[in-house]
Amino acid sequence: MSTPAGPRRVTLFVTCIVDQLYPDIGKATVHILERLGVAIHVPRGLTCCGQMAFNAGFRDESYAVAGRTIELLRGQGDVVLPSGSCAAMIRHLYAELFAHSPYAGPAAELAARTYELTEYLVDVLGVTDLGAHYRGRITYHDACHGLRFLGIGRQARALLARVGEAEMRPLPNGGTCCGFGGLFAIKQHAISEAMLERKMHDVQAAGADLVVTGDASCMTQIAGGLSRRGSSIRARHIAEVLANMVDARPV
Amino acid sequence: MSTHTLHFFDRVDTALHDATLRTALDRATTRFVGNRAGAIGALSDADRLRDQARALRAQALSRLDELLERLAARVEARGGHVCWASDGEEAKRYIADLARSRGVRSIVKSKSMASEEIHLNEALERAGVEVVETDLGEYIIQIAGETPSHIIAPAIHKTREQVGALFEKHLGMPPTTEVPPMIRAARQALRQRFLRADMGISGVNFGVADEGAVVIVENEGNARLTTSVPRIHVAIMGIERIVERLEDLAVMLQVLARSATGQKLSVYTSIISGPARPGEADGPEEFHLVLLDNGRSQILGGQYAEALMCIRCGACLNACPVYQSIGGHAYGGVYSGPIGAVLTPLLQPDLPDHHLLPHASSLCGACQEVCPVRIAIPDLLLRLRADAVKAGKFHPIEKTAIQGYATMMNNPAIYRAGGTFARLGARLLRRKGRIRRLPPPLHLWTRGRDFPALPAQTFSEWWEERERQRQSG
Amino acid sequence: MSRDHILANLRTSLASNRPWLEEVARAAPHAPPPFVHPPAADLVAQFCEELAKLEGRAYPVADAEEALELIGRLLDERNARHVLAWDLAQIDLPGLAALLAGRGVSLLDAGVQGPGRKERLQTLEPVPVCLSGVDCAIAESGSLVLRHGPGRPRLASLLAPTHIAVVRRSQLVRGLGEALALLRERHGAALFDATSHLTLITGPSRTADIEMTLSLGIHGPPEVHVVLI
């Protein structure tokens, strides 16, 4: 990963869920990086990493979507995603998806320059203090794929520790899955709901007013549960907290 | 309760609504998880020990043919007998024939998952032999007419009240909900079974090729009694459960105990090499080792070979949020939890809905994190899912949806149109900034959760607009 | 023949996967560690502590005399008239035979082989105390290592509700790796020539199968007493 001379430039891959459901996460990521002097490129027509089809076992369809994504990201330098699960797809599972195919090489090459947002900020840019503020109590949920397949979590905690005025509260069983799991949330909805129930119990026990995570998918599950239970606890992506955009969305 | 006649989703539903089961599972898995963490944490170098365990399993598997031959030859040199069983039928035939020819009337059994895999007890009972499970948990479920719900704690789903009722009915124990009298009743009842049995059947945790020995690990003492008291000992071993040297046990036994229950070592480890030697006061006069293949030799050559590294510790079950919610019976087979979701389609393919098991996972990776031999269970589940699709095992709606998804993601115009359509729909559905009811099949989301209202503009649209403004401005 | 069939299948399978398996096998050293916990300064103290955690009892004594006194007391407490034991000559405790004879405690004949096996087992069953030596003992887990064989019946550490084991301090090793290495050093390839059975005993018999409630003595002895000379 050689860094070209001159101002740093990254390619931002917001992921399909952020694009369609949570553009604020994308905007927040843009603001954070630009404030750090990073130039951002967003390839036109970039949509999805292909994980949904891959997880469902439909490898041909996943190959088609992921192959196109590899093409769109070819030669685009460091790629940053505000999602541990999509970054893990590229870094951990593209090798399996593209094994013995013409994309095996390009997939490996892409994986070597793909980063999840918090690891990019802390480990590559060397930054933990983004000048963010939040007056309240925050608890952090470790999204599984990022935690176990990318080994991240330390970085998010380092960033949140520097959020002014915020009080961090540990989340009991913080590393336990929220129950989203992609299509699992629909196909195994009963189990997904049971897992969500336990996460809700733990979130309540944490005593925070804001639950923060690094994956919009987990956030959808957790926010969906909190909302249905009429809870006043809000759920936000870490980018939104770091960009002081916690109040940008009404709900 | 025979669970395999119900469909998987019905079994899950039953489990989720069983409050007693949920409480029992919670108590047991929380305890196991905590104990394991403590035991692993106390090691000087847990990572190294696990790396070694994985390497030793891989080493043994890489030479499985050679090691099995060596094991068999040395068992026979010690006066033992070896049956190479291609499948369950062959294993059952051998044991039933042996029982018949030796005039065996009653058998005591210590824990053997392999024997449950092939339904050995039923076959022996059909042959007119009485079989009594002696592991307390297995004994409980045997008299309850159930199947095990956990790899190492088979009766984990039963409350003390339920056990008390069973013992009252079957052992004539005076009514109680205290555990000590239940333990006394079980000890007493089973004692005479051991003493009167003609044959003892055990499982095998590890075969040791160099010594012609089998290793049995337990906490209760029933396996020691099963393998020492009756005149004949039959040990059933899955062919993959082998190590080369006695010394390898120093790694394997220590990761097994810590991963399973958080103990440093299980209470009893028996290392048995053939029948009693001349001059030995006790021990069996005959020793038979049944090497069970039942699909394993084939699995070794495919993309699931890693699953054969499993040492049946149960750590993945305890760590799995899905298992914690639904328990073992929901899986329908002998092996449950994360490794069960892999092994059942491979070893018990005649179970009708086994192709659903790999989907009963959010791929969170907690299993892999605790596996003492670091099996990449999520990767194996993903391969099984792909295999099921290749075999046409999917709902037509799903295929259509996935194809639609791929088309949308790869066609900017369709992607944009789809987004616009969704936003229109969302505007109709949203109430106070959230969506409480989505149309089928997404209603399965909104049964228990709200869904966010779609924003007015996608990120791409915002970005493109910003870029346009920057270029023009 | 199934044997040939299974071996043929294995060889076919390994033709594909052996390289990958060997690669994984090479990823870590195979030599087992002699022990796995931070080493303790005092093995006797470590052994006693570990056994106590398991609800076994360890009694460090100064000499054979104290050991005999202790064993006498344990027998008295249980009104033991009979014991099931190793051949006393194989237990490293001079005076043991005299102690038992002096108290009128008889040694049961542990032999059960041959016709009349079940009858003999029934005779042994009510015995209140088992008595054995050990080959070595493992400090970091509180374990006893027993190599059986002539004069060392399996049941003499299993059948009765109380098991008394006589251990010399010199028999203590740190960890399981060391214990297995010691056995190998002593017996080499002949480890299982004279005996069919090796047992590791780590505390009293236990189960938590009923509602995760810990209970001792479900099948094996609930009481393990280690006399450490």
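Observations on the structure shown:
Per-chain residue numbering starts at 1, and chain names A, B and C are given in the order in which the chains are listed.
The working rule: a contact is a pair of C-beta atoms (placed from the backbone, for glycine too) under 8 Å apart; a residue touches a chain by one contact, two chains touch by 3 or more.
Keep in mind that this is a model prediction, so the values were computed, not measured.
Across the structure, the highest number of inter-chain C-beta contacts is found for B-C.
Taking the mean of all protein C-alpha atoms as the reference point, the chain centroid lying nearest to it belongs to B. One simple way to say how far apart two chains are is to compare their mean CA positions; for chain A and chain B this gives 32 Å.
Centre-to-centre, using mean CA coordinates, chain A is 53 Å away from chain C. The mean-CA centres of chain B and chain C are about 29 angstrom from one another, to the nearest whole unit. Of all the residues in chain B, the ones that touch chain C in their complex are 24, 27-28, 31, 42-45, 48-49, 51-52, 54-56, 58-59, 61-62, 64-65, 68-69, 72, 78, 84-86, 90, 134-137, 140, 153-156, 158-160, 163, 179-180, 182-183, 186-187, 190-191, 195-196, 211-213, 219-222, 224-225, 228-229, 231, 239, 246-251, 253-254, 263-277, 279-283, 285, 287, 291, 293, 297-302, 305. Here chain B touches chain A in the complex through residues 9, 12-13, 16, 321-322, 325-326, 359-366, 368-369, 379, 382, 384-389, 394, 398-399, 402-403, 405-406, 408-410, 412, 415, 419, 422, 433-434, 436, 441-442, 444-445, 447-455, 457-460, 462-464, going by the rule given at the top. Chain A meets chain B in the complex at residues 14, 16, 18-27, 30, 42, 44-45, 47-48, 50, 52-59, 61-62, 64-65, 68, 93, 96, 144-145, 147-149, 175-177, 179-182, 184-196, 198, 220-221, 223-225, 227-228, 250-251. Remark: chain C residues 1-3, 5-7, 9-18, 20-22, 24-30, 32-33, 36-38, 50, 54, 110-113, 117-118, 121-122, 125, 138, 140-143, 148-151, 153-155, 158, 175-177, 180-181, 183-184, 191-213, 215, 217-221 touch chain B in the complex.
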